Amino acid sequence: MKNSKMYLSTETMNLGFVRKVEALSGSSVRRCFQCGKCSAGCPMRTFMEHPPNRIVRLLQLGQWERVLAGRSIWYCASCETCSTRCPNKVDLAAIMDALRKLSWDANGPSKESYVQLANRLFIENIKTYGRQYEMRLAAVFNIKSGQFMKDFLLGPKLLTKGKLKVFHQKNRNIGEIEQIFSRIEEMRKKGEAP
Amino acid sequence: MKNVLNYSYYPGCSLHASAKEYDESTKGVFKALRIGLNEVPDWFCCGATPAHNVDELLSLSLCAKNLSLADNVEGDLAVACAACFSRLKTAQHRLTENDIKRKQVETAIAGAVSLEKPVKHLLEILAKDYGLDRLADAVKKPLNGLKVATYYGCLLTRPPDVPELDCCEAPTIMENVIAATGAEPVAWSHRLECCGANFTLSRPGVVLNLSNAILASAKRAGADCIMVACPLCHGNLDIRQKEIEEANGTRYGMPVFYMTQLLGLAVGVPAGKLGLDSMIVNPLPLLKEKGLV
Amino acid sequence: MHAEKQKHDFEPKIVAFVCTWCTYAGADLAGTSRMQYPSNVRVLKFPCTGRIDPVFILRAFQRGADGVLVSGCHPGDCHYMAGNLHARRRFAAFRGLLDFVGVDLNRLQFSWVSAAEGGKWVDVVTELTERIRAMGPMEEFKALETEECWSGALATPELQEAYKAI
Amino acid sequence: MSRIGVFVCHCGENISRTVDVERVAAEIGKLPGVALATDYKYMCSDPGQGLLKKAVAEHKLDGLVVAACSPRMHEKTFRNAAKAAGLNPFLCEMANIREHCSWVHEDREEATAKAIDIVRLMVERVKKDKALQPITVPITKRALVIGGGIAGIQAALDIADCGHQVLLVEREPSIGGHMAQLSETFPTLDCSQCIMTPKMVDVANHPNIKLYTWSEIEHVDGYIGNFQVTIRKKARSVDMDKCTGCGICMAKCPQKNIKSKFDCGLGTRPAIYVPFPQAVPNTPVIDRENCTYFKSGKCGVCAKVCGPGAVDYDQQDELITEPVGAIVVATGFELYSIAEKPKGSSIKGYGEFGHGTIPDVIDGMTFERLASASGPTGGKILRPSDGREPKQVVFVQCVGSRAREKGISYCSKVCCMYTAKHTMLYKHKVHDGQAYVFFMDARTPGKSYDEFWRRAVEEEEAVYIRGMVSRLYQKGDKIVVMGSDVLVGVQVEIEADLVVLATAVQPRQGADSLAQKLGISYDTYNFYSEAHAKLKPVECATAGIYLAGACQGPKDIPDTVSQASAAAAKVMTLFSRDQLEREPIVARVNERNCVACFSCKKVCPYGAVEEKEIRDRQGNLIRVVAYVNPGVCGGCGTCQATCPSKSVELDGYTDEQVMAMIEAL
């Protein structure tokens, strides 16, 4: 699909999607004039198939499938270099957040599963324990991603340095976190929140 | 002088685990400088990058919850971790500006959003509230001769309108703080580049690549060590340094200190209370060479 | 992106007293730039905000205005050098009087809009309209209207008579 | 009963698209006193005006309302039409239903209702309108030109050649402005100084031009045809009448290492100096901040070596007041600086480009000085840091321009062309060097302009990279340029020896305070505003003041010269008459009501209020009243709003007229 011809018409340009991105990110997409300064400074550019400026260009043309199908959005490191230097105040980091959310809600049509998995586990950890426990996060990530040997040598080293907590407990007030999660879910069910 | 500075404290998840030496040394330095530090009880994870990556509302709600918990503790909120600092500040900023989001968050946390409490990074507290002159006066063992590459990373100063810590492109606050101890900050090119951050778990290859450039730049500038103010940066530059060296066929042996570890040495916190033994790249040869331990 | 057109129960009447050099020109610029704003405002043009007599504002309220906007050049930019500064002083005193007689000061707004600030004009008008809409109609002065009978003319026989007597 | 005619214009579709003009005419026709209400496609057209004239005669109209565009657009047109129809022009008013209605509202119902209101208000006003007679004032046929760059020089020469006296005021010690600093000019690559200096000499020798260099405008009073300008002639410390321009003072001055502003800090000059050898006048100035004599009281070498004894350390600033009839403002531009800007300024510098701390990152004007044969390097391209010849030069366009995040969203217009020129000049001087240009768009409209740019790419082999630069940093003696090529979609990194930034064109510092002195308007960037973007591009909204050159917006030399000549033509049009008719919007005092409190006199910004004595036939003083001099009154009306006894009336904006409108709300 990457190089297939774009047939542009009001039907093929999903501008509703673009408006959703603009509403979620609070940043205009149309304002971008494709100077490429974002791509010039992006530390993750070499890992992406579409450079950041092209993501915005595809959005301007309403090509949401091309945007979400790629792994570019999942390789954004949220370092905000693009947003900081954009001559047009396009908050590309926020647009990336919005795109990831939309992809996430659509159950991730994107190809980048590792980053998604890590994010999912991170959030699940918050929901369960209230805080982050890196040991658990890493272990579960390795099991779920099937990379049992990943960072195998680092683990013991960190353990001896006291950097990994093997035992952890839930926050005393963990109920409050659970409620935050359930209230957000409820709002979304009622269509009161994005 | 009487102890006038008093802060509530949000350490963040990492400071209770992989960055416990940051926590330990922060407490040590604040005690030595007679600055009060009271940890917010029962704080939650701020959501860090993964939460805002896919769910802004969750991210804002977690931060708002933490801010309201912090309201119960006296004093401006001191934050050590650059990522937590960035999230909490961003939440304050967004929620002040956007009524719709604020209402959603108020529903989510079932309470009012409180945005008044100033959120301050340790650097700001030391450089502005405590003051560079006082800091210099408090130095017992000057770090003379130590060349330090001050590494800001991405989150400490960005985006430009939010952290208000320093100029986002040409900050000087870290240099000013470390120069107060007598150490010599080096001019180097990669102090604001990204280290790969949270890809350390999902895509470590990215980190090996980006962090290598940072280490190389620090080496090129003639630095003895790197100073950071963020556990993620520390994780990538210190814990993965050996891997980076192997992957790139180089050798750095560059100790990566938390800012409070170096400050602690200077203001006379006993070396044993700074968690120096927790560092993966052993700093002792360097410190011995410079006569600092 | 056009906002959905909403129908409201109450459409306030807003009167804007503006100077011809800055704010009137700024409103013209909003027009030539095809910006959109609520249609509630009626613009009265003056050479300068310095010409605007507080009586006009009172009368506008009596004649059914729910909100009044007075807008001129930024301080220092007055076409007549200092007219807007005199206006500023005058209205600072006048606000106190208006407050005293019980007019909610939120109904009266002063602003500086230059000839280059079409966008600001739109913002000021939109915000004021929304605010007044939320406040509801201005009833306080309409009652007085029936008792008031100033014709606006100065050369009335009564006045003539009075001056002769001086 | 009035007989008012109302004409509602469709303005093609501009009004009728959202306003139901027929309904407006029908509703207004029902108002008492309206004798005729009709609509027409284009009221401003010849047939439209004809319709109006015919109606005045046919319906015996005594007042007109034209509901169309803004009065700022066509009030004059319709008032002239009214006059031609035999009606006093001040009985004709415009109701603005285009800019204030049809263009800003979408809902047809709402817009029509509003249009009816707007027209109704105007009808009520016209009922109270009074016939006014124009006021005539004499014209002082002398012009003031502010700024001695190419714009000011051109305007001054044109006006002077026409036989009128011109005062040319320049802030710097010499005229010449930026054009004197340039090396060669696009698209012909002729030497800037070669075409500029003869013009400067013409100014110096012109019998009709009075030159005030090292001078600034202190204060401006009056109005079109009758301005009083106060000029501050700063102390030069050198007597211009005695100095022969021999230059020995400069040669002997012991203070030699002051950075030359003219050479963008690349070269040095003494404390007593002319900015450049071809300066006009060729009389030096003592820079008191850096002069040893002024700092310590010792030295005095220049005075000792000066044969004619022209050096005068005791000279003081002088204030000179001159009457003029017209003013041409030609204050030009300056380049945006990437250095950190003070807090509170809406314009930010470029931290990502080092905030100006990397010595081999320079701006376009500095490159001009490097390339200029009369520059500090004698025309050799050498790096400021170590004097080496750069082999890889990176040019970056749109630095500050088109960057709303930095506070400027406009295009600076000249950078595309001068960057192309720079790549050529560089290639001509460094044959084995390579020029790279990061650009967003190449904007080269103009005669032979696009061909020029293409020549830079195709023949001079400049590598143009379509993309921007994220960051610059020093690495050893190189500057690393982190850019991207959006056409290929990859990042680009170049290790450059020299980086040239095409920084934005901004108005001069202090442009706003000069505008406040002149009473002219300026935009958010401090560029001066013309009266109409298309039809009055050189006039200010303030009558008698005209604009030339980059003070009005970024411009290249040909555009600047054209505008300067246009401004001069406007001045000459004004001077072709002996008297001027001006709008009779002036204040009048009702002497019977005046209680002589003189509150009006206190607030009048023009000093137009005088104290008038009223005497009886025997000459005994009865009382004193206020009197407004109609020649001086500017027509702001502040006196009227201030008068406690309501004894002043501003014609055209009387209480009666205003109240009529408020009553009709």
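The chains carry the letters A, B, C and D, assigned in the order they are written, with residues numbered from 1 in each.
One rule holds in what follows: a residue touches a chain if its C-beta (ideal position, glycine included) is under 8 Å from a C-beta of that chain, and two chains touch if they have at least 3 such contacts.
Being a predicted model, the structure only gives us computed values, none of them experimental.
Between the interfaces B-D and C-D, more contacting C-beta pairs are found at C-D.
Each chain gets one centre point, the mean of its Cα atoms, and the points for chain B and chain C are 53 Å apart.
Between chain B and chain D, the centres computed from C-alpha atoms are 50 Å apart. The mean-CA centres of chain C and chain D are about 31 angstrom from one another, to the nearest whole unit. The geometric centre of chain A is 23 Å away from that of chain B, both derived from CA atoms.
Multi-chain contact residues of chain B, defined as those touching 2 or more other chains: 168-169. Residue positions of chain A with contacts to 2 or more other chains are 46, 81. Across the assembly, chain D contributes 352 as residues in contact with two or more other chains. If you check each pair of chains against the touch rule, the ones that pass are A-B, A-D, B-D, C-D.
Per the touch definition, chain A reaches chain B in the complex via residues 24, 26, 43-44, 46-47, 75, 77-81, 83-84, 91, 93, 97-98, 100-101, 104, 114-115, 117-119, 122-123, 125-126, 130-135, 137-138, 141, 150-151, 154, 157-158, 161-165, 171-173, 176-177, 179-181, 183-184, 187, 192-194. For chain B in complex with chain D, the residues that touch the partner chain are 167-170, 189, 220. For chain A in complex with chain D, the touching residues are 33-42, 45-46, 50-51, 53-54, 81, 85-89.
Only residues 340, 350-352, 354-355, 473-475, 480 of chain D touch chain B when the two sit together in their complex. Interface residues of chain B facing chain A in the complex, by the touch rule stated above, are 13-14, 16-20, 42-45, 47-58, 61-62, 65, 94, 98, 104, 107-110, 154-155, 158-160, 168-169, 193-194, 196-199, 201-204, 206, 209-210, 239-240, 277-280.
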